[in-house]
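Handing you a structure now.
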């Protein structure tokens, strides 16, 4: 019972982190059709900013977090304008290369600025504590992560379902040509969606630093993980990303608890089996 | 029975039935045309016969054998070939290479790795004969991408014949070809080996009436009527369908 | 005949360059040998990606499989280098065949991701099977017998250099033959139009599995060379970075021409070596910048430079 609860809480928290980081990747892949291997770099940038603000400057966590997210968003917009916009028309392979190059540059920049050691994000006392449920205790941090994840899910749903931006974004994902023919400014949508995705990745990176520790090589180390969420969820599908992130988070956590020595192998084997049966992911559009 | 024998062929996509209970025969020497308005299910029918789509119900037999479960490539190997509605060739290869590749594959040499592709005398002779037949000598060593569209259509037809098919499905062979070049296509179709079983799916009525001896009219996934060109031309339902449709536009 | 001679000129020039470098840089033979080994790996990728059009980021899986197979074979069975090479080639091919059966059912992003995932699994298995592979410490204790019973591996690396150069040359000739064969022609066909290939009766899937298997075998040879020459196999053999770098080298040189793969390897390794030696902390800036520059300004690689210059010259002459 305790084991099950542990798996559930850790798995959902982990899944929420994966969702926050990967949802932007899924949207940009569905929308711009760009294979963006550098997406994890935005989580790294967020984490690095938070480390700098929290550790080096000693600012409180709840101030460092939003500033780190804003800083990442501010960097992502010119990047989209200058680099990504030209990458959209490339072949898969060129996109892969361009974004690997970009990943290397991000790693090198963080390395130059903060070195290659672990970049910790100091948590406030409140987050380090545990809550007592009577029969057992739960770490507050995991619960806060889950709460943030839930808030992001609801926020995204409201944004996409209830705002003009959301309607246009969904129209553009479904059919780019039709969308621009109807006078929707797809360039603007692309940039906003990209920045939103980068910001969410930064949020996930900072909040998830306890689970996915941050150092300069972060984007390479977790690249496959984020790509798997997108591929399993189905490109461009936000509900798919959520389902995949939670499922994979629970799966990986469960294998870690139950077969610790073979967790990674079991995880990958199950993912490969799933993608063999459903090459377009759980909720992907049929190609 | 020799040739294609289609019975009760039905295809549904979700709740939508795009082909319904189609019976169809195509025997050696046939020149049949399949016509019908947009969305009548002509392409679906062609895709069902060639194996791109799996039928929801019904059977497809070829020389008496059920081929409904064979893949597209396997059906080509049995002798069912098609041309594409939009020219689909190896654009970066020359006309000669396009033909040689096709013939080498038909000869089962596709897995030879150490012998040069150009060293097979019999393949070369066959390529030369096709180039001659389609009057492509001057263009033989030109990249396909550099040919005019009408010429590309001819290359596509030559490649399909290089497969030595027994059933040939021509999917809008004149689509995209400027009317000044349509006669090239018609000539090529009229010169096809007489024993070949040919099905033409076409919008261009001139072409259909020139080359088809039997016409099938497909409407909303069902066969509306079938007959000789004269019968179809005088059929009131068909006139209504075509002329009536245009009248409302 | 004339064109045949011409097509052999670039590889012969590269071969001559290798011999010149051998005498010019006698104290850098280990580095030169590393370039030769990487060239074999990048050639395997040219077969898979340049010819068959399979976008993979997991070629290191087969390189690593070959490296561990060669190392384990030398330690436990027979330390003959050529036998080890063959075993490693078979190991790489077998892994490529089995994983290819699954991976090649998918396309685009999913395919790229699954190829990464296969290499990651291999990495993890090698990491966990510490008793067999040495885990993170690497596989040590490889002692090779002389090549063909004649040439002992020396610590300066002379034997290693000529051994690797010979294997590279053999692989190059083999791939050149394959490129011109009916099979090679069919791979070009698949690259250009899988629909048309199917329409002429070819099972594109099996053709791609075959190319992937061959590519895996050749990558396995590269891994074996590395294991035998350095007498060490590390977990890095399976790393994503290795797959990515091989891809960068191929694109840098230019795909589909074989000598482009060798040229790209040479240039990349040199830049890498130079950048890492000058600034061990910031060389990733150079590599990252190089990759972006190639993708944006030289998408067809170094081998396209002469044509591009000619066209530029022609335009000037015309005006």
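Letters A, B and C name the chains as they come in the text, with residue numbers starting at 1 for each one.
Definition applied: contacts are C-beta pairs under 8 Å (C-beta built on N, C-alpha and C of every residue); 3 or more make two chains touch, one makes a residue touch a chain.
What you are looking at is a predicted structure, and each value in this text was computed from that prediction instead of being measured.
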Most extensive contact between chains (C-beta pair count): A-C
Central subunit by CA centre of mass proxy: C
Most distant chain from chain B, judged by the mean position of its C-alpha atoms: A
Cα-centroid distance, chain B relative to chain C, in whole angstrom: 42
CA centroid of chain A to CA centroid of chain C, Å: 33
Whole-Å gap separating chain A and chain B, where each centre is the average of the chain's CA atoms: 49
Sequence positions of chain B contacting 2 or more other chains: none
Residues of chain B defined as touching chain C within the complex: 71-74, 76-77, 81-82, 84, 88-93, 97, 100-102, 104-106, 109-118, 120, 159-160, 163
In the complex, chain C residues that touch chain A: 49, 55, 57, 102, 105-110, 112-114, 116-118, 120-121, 124-125, 128, 240-241, 244, 247-248, 251, 281-282, 284-285, 287-292, 294-296, 299
Residue numbers on chain A that touch chain C, as the complex places them: 29, 35, 83, 86, 90, 92-94, 96-98, 100-105, 107-109, 111-112, 116, 220, 223-224, 227-228, 230-231, 235, 261-262, 264-265, 268-269, 271-272, 275-276, 279-281, 287
Complex contacts: residues of chain C adjacent to chain B: 177-178, 180-186, 188-189, 192-193, 195-196, 198-204, 207, 210
